[in-house]
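By letter and in written order, the chains are A, B, C and D; residue numbering begins at 1 in each of them.
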Amino acid sequence: MDGPTPAVAVTVRDLSVRFGSTQALDAVSLSLLEGEVHGLVGENGAGKSTLGKVVGGLYQPDSGELEVFGRAVHRWDTRRAQDAGVVIIAQELCLVPALTVAENVFLGRERRTFGVLHGDLRARYRELEEICGFGLPADAPVHTLPIADQQKVEIMRALARDARVIVMDEPTSSLTADESERLHEIMRWLRERGTTVVYVTHFLDDVLANCDRVTVMRDGRVIRTAPAAQETKAGLVEAMLGEPVDMLLPDRPPAPPPDTPPVAEMHDVRGGAVRGVSLRVRPGEIVGLAGLVGSGRTEIARALFGCDPVESGEVLFRGEPVTGASPRASIARGMAMIPEDRRAQGLVLLRPVLENVTLPHLGRFSRAGVLSRGGERAAVRELVERLGVRPAALDGDVSVYSGGNQQKVLFAKWLLGRPELLILDEPTRGVDVGAKSRIYQLIVEIAAAGTGILLISSELEEVAGLSHRIHLVRGGTVIGEVPGPGASVDGLLQRLFEVEPPPATEGTP
Amino acid sequence: MTATAQARAGSGVNVPALVRHYAVLIMLVALFVALSVSTSSFLTLTNLLNILNQNAPLAIIAVAGTLVVICGGFDLSTGAIFSVANVVAAWVALHLNSPVLGLIAAPLAGAALGLVNGAAITRLRIHSFLATLASSLVYGGLAVLITGGFLISVPAGGFTALGRGGIGPVYYAIVILALFALLSGFLLNRTTFGRYVLSVGGNAEAAELSGIRVNRIKLYTFLYSGLAAGIAAAIGVSRIGTGQPQAGDGMQLLAIAAVILGGTSIYGGVGAIWRSVCGVYLLALIDNGFDILNANPFFKDLTTGVVILAAVALSVASRRR
Amino acid sequence: MTATAQARAGSGVNVPALVRHYAVLIMLVALFVALSVSTSSFLTLTNLLNILNQNAPLAIIAVAGTLVVICGGFDLSTGAIFSVANVVAAWVALHLNSPVLGLIAAPLAGAALGLVNGAAITRLRIHSFLATLASSLVYGGLAVLITGGFLISVPAGGFTALGRGGIGPVYYAIVILALFALLSGFLLNRTTFGRYVLSVGGNAEAAELSGIRVNRIKLYTFLYSGLAAGIAAAIGVSRIGTGQPQAGDGMQLLAIAAVILGGTSIYGGVGAIWRSVCGVYLLALIDNGFDILNANPFFKDLTTGVVILAAVALSVASRRR
Amino acid sequence: GCNSDVSQVYSSSTPSSAKTGPVKIALLASSSQNGFNKAVYDGAVAKAKEYGDVEVTIFDGKFDSQTQFNQVQNVASQGTYDGILLVPNDNVGIAAAIPAAAQAKIPVVTTLFPVGPNLTELKPQVDGIVSTVAANTEENSKKLAEGAVKYCEDKDPCRVAILIGQLQFPFDNLRNKAYRSVLDGHPNIKVVATGQGNYDRDTSLKAMQNILQANPELDVLLSNADQQTIGAQVALESAGVDLSTMYVTGGGGNQEAIKQVRAGKWAADQVDFPNSMGKAAVEQLVNAVRGKPVTPVVDANTLGPVPVIVTKEILGEHPDFAGEWAD
């Protein structure tokens, strides 16, 4: 940066936070300048969110100092932080479900006279919407929105606060590439206005392209802070993980011969947001679903897994028509699904790691309904080690695990069952680069062992790089298919944005 | 119900949604019509005013209780607060020889006890279900101690004006209920306080993140609930002219039943004041019906149970597709 | 409390965690010691056995209620089920002239009514709080109808053996409670059923997606709770020798209070059987203490409320950092 | 009536249990927070003072039969008390606890109700009960109803509303049946409504308002409890009914009720004498403890200065009687 040295917005000095036996932050010192986009990277559990939450007033540090705009703060909570202009977009979506989009966005910042609300909510919302351009309906209750849209609401909520410092903790984890780009534009716009943005993300390319400075964290400590221009992706990765990691996608497993009978098929399935879908997955094949957010990929997966009713069409598993579909029946047939919302749909946060992993497989670890806990522990310990879940405690409290480690626990849960069909809905959301490459490796191994995989991801590189075949999804139907090898992100995007959608029936696998 | 199913249910305005929303009103109207045709004594101004008047104290408690439940809490102490407030009113009226002071003392005492509830819940971070269960025992004991276990009879005169008098044929109690319900509805829907109540009940963490003082909002709802119980007690004690330490026994459960019957979620975040009032009067109509039809009281509880189930089933059936 | 505060609390095993976990036990022991030193009448075998025996039916209900609460439900109908089961037992014993059949009929009746609860809750998809509130009214009405409002006196003889007899000085009721609590603890901690109960209470949607029949698990917990109320009723009616339609009044609230006092979360997902039993006996010791210390009964409710608050505050204080 | 003035020697435990010296009595009130029980207690204490070496302690039964059951057991097992004075919450459930007292050789005197399956049998039905200080509920209820019949003689139809505590309570059921057995024999008498007052003013007020709605013209109000009549009075008066033109009754004989009867507003009241009952019960209990002769049945109707059913005229003859309790 040129010109006069910019003023310091936030300084933290020797900040430490300890949770039980975990030292989440260990004497962290860092300064954030006014008008900079400051990248914060590190592997899962490095302490990024914890740092953000301390700055945002959600957590109290055990020791250390916090200085905001030159003033040392002592009592610090979300309210005081917001009054000082510090706002955080938490990693885990945190909205009031029954309130509308606009109400959520301006929550706590309502205009009022003697406590009586003004009627200008919609006008204010429109103003903000002009800046963001997300196109969300102001009056929809947020619980009716897909996750990605909820994330946009979170972003708008932070903007609505006219903050001088915004901590964005993985704001793009459910956004598609173009929406992420919108956010990056917003960041630049904020920077011009002198706002400080802390950008926590696992997308290192985004960090390098959009941040002024980058701080790398590992094990609760700051490794280094440097101008983004001086960093490289490989350098960041090595600093994060303490060792260089091969970031190339693994090779696809060999595709099954085309005449292999499919393990699962959908024939013109309709129901809810699914409007006529046909596809098939063969054993050992990785089939990707590419689509924009809200295109209905999750709905397709849920219909296949039996969570949502199928109104017409047919689902076949190993050639047999599926009747009386339910998650239970699907699991019994040999399917498994890692849902997109790991906290709401995947994990029982109140129960320890062990119980979460074995939940669908208790039949195996019990006789006449009585559990054999030794067998359970042995099986789970093996998986936890294989997947590198951290902390590696079987009785660990998953609710406080970092996002990436929660995702690994979910993988462990379904890998215990050796499914014939594995549905993965955003399997690497919020996962660090190291873990990501381990998950890719896993996907490939699982497929190589003969499991059919249906892969849904908003990271088109993943879909393009791992799938044998890719279905393009729009408006709840499959609008086309491209072979995986040779597919490019740009090519996929172009097809997805095609103005004139072909008729739904064209989507033959 | 899963979140997605909920999401699905939440979209668009259609007949099932209306039924769900208005189930309690529909039941109320149905019972109203049934009673009107089955006996001529039902549909008279006096009877209707009586029903409204009789249950106004309970309805006032349920109105404030709606805010508590929407905010994610439970107030099981309103009955005990009613008891304390009603003996305090009688005590003050008798010993300070001022009916007016007595009647003013009740809401004040109620608000004070509600404040204690709120402080205990937010300071000690106890769940309100347990905290108010405990405080209801404490308050109940307090009411008995104030009276020494006896009744406090206030000589008639000004003291009974509030409970027995009215504006024309309309009892004051009805007027107070109407005002209180309107005020509460306004608070809930048109003020930042109401917005915060909804958000704290809907997702306390999100509210906290938005800079809302979650504890303070919770505290206010319990204060409000205590105040309402105090107002109800003023009406009740004035009607009877006697402070009784057991006067409020069981009211808290009826009030909560009415709130939930009105469709307010016990998980908080959503609800409506008017539906709780409908809930109170749905239960009241059953009572009234049994009395004026001279039906066998053995069947009253049974009927009440069935009506509640029917109302809820109606609202739930419409949720299916 | 916000989720973050909760999350913060959840880590590591340390002294505060122990206090939190054992708060109810600590209070129980403290009260036990206090009573032992303050009067010689307390620490006698007879008195202790009496306390255990007297509260065994309530404890049995609380034990099963723990499973219901852990599974995310609420059973407000156990008192009414107790009433029905106890009049059914008396009726059968009297009219079929078989004490044994009568005593067997109670648990069966209880289980049947619990099944009806469970079916209503899962089929109609009503929240259990409201459903069991309604069903408790229906069942209460049923109990009155069975008796016609009178008592059903069973001629002494075999009928009272269960309630009054015992193995040596140990009443059968205590033995049954011990077995039932052990069985329930085993079910919760060592069986797939228990694991499912915990996960359904913790996150019903995740459980459903893991292939668990959520509704069936819920239904079983209510069935179990009804069965427990029936067993409790068999003991109770056998003790008294008479079926009374009001026998169970108020039991449901005491049982739930004990469960929550034992630290089981009203949101489900976590809890322990033995702590509910401690909760029951903590309340029982207060009662017993007042009686044998000859303390002014005016202060009993007040004291109970304060002890509950103290127990909870103890467990919560240790949660802070 | 069942009253029996024949003295019998308390014989169910051996005379060797006779005790000299101070006597400690546990008064198990149905609820200590209740005027009626308080009056029993006051009477008991007064009598104890007369003795000088007798002490009475009150226990709170919380209107809950299980609580009282436990209290009997606890008292029996502790050995602190020499006798139990019982104001029972229910007649049958508590009976099961009495044998424990009998075993511990602690005599029990019951007031207000007999203990045992038969509510109309005053003679001790359970081993351990040495004396019943009570009146026959059925007969008293019939007497109250007979007053109404007399009032109705030249009225056709004569519309009667009954306000009963709670029909689910056996003794209230008994009272209601007793009323009906008297009234139903008279074709001119129509029982137009039966409401439940739950011994509570507010509940009774509501019930009466509702009843008046369907039956604006009432001739008789039969109520088994004064508290209920007081609540009903509010409803009647605010509906513009002059009580003196009706036949209004109450039950219990509390001070308010006696005032109303004297004022001519209520036509009759069925009087209880809790204070005298407390005294009489202590007397029997002390006799039992000391091995003196015990009267197994003390008819409570005979304990007070006035007959069990009082009217304005009767009270006129007893200007000093004010009622033995206040609620």
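Following the convention adopted for this analysis, contacts are C-beta pairs under 8 Å (C-beta built on N, C-alpha and C of every residue); 3 or more make two chains touch, one makes a residue touch a chain.
Fair warning: this is a prediction, and the values are worked out from it, not measured in the lab.
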Using mean Cα positions as chain centres, tell me which chain lies farthest from chain B.
A
Have a look and report which chain pair racks up the highest count of C-beta pairs in contact.
B-C
Please tell me the distance, in whole Å, between the geometric centres of chain C and chain D computed from their C-alpha atoms.
34
Cα centroid separation between chain B and chain C, in whole Å?
28
Just how far, in Å, is the C-alpha centre of chain D from the one of chain A?
73
Residues of chain A whose C-beta touches two or more other chains
58, 307, 344-345
Note: chain D residues in touch with at least two other chains are 32-33, 167-168
Contacts with two or more other chains, residues of chain B listed in rising order:
2-3, 144, 149, 205, 208, 298
Chain pairs in touch?
A-B, A-C, B-C, B-D, C-D
Of all residues in chain D, which touch chain C in the complex?
32-33, 57-60, 64-67, 69-71, 73-75, 77-80, 90, 92-93, 95-96, 117, 167-170, 173
Could you list, by residue number, the parts of chain B that touch chain C in their complex?
1-3, 120, 124-127, 129-131, 133-142, 144-145, 148-149, 204-205, 208, 214, 253, 257, 260-261, 266, 298-306, 308-309, 312-313, 316-317, 319
Touching chain B in the complex: which residues of chain A?
56, 58, 78-79, 81-83, 88, 90, 94-99, 103-104, 107-110, 112, 115-117, 141, 143-144, 157, 272, 302, 307-308, 344-345
Which of the residues in chain B come into contact with chain D in the complex?
39, 41-42, 44, 46-47, 50, 54, 144, 149-151, 153, 164, 236, 239-242, 244-247, 287-288, 291-294, 297-298
Can you tell me which positions in chain A touch chain C when the two form their complex?
19-22, 53, 58-59, 305, 307, 327-328, 330-332, 337, 339, 344-351, 355, 358-360, 362-363, 366, 369-371, 373, 397, 399-400, 413
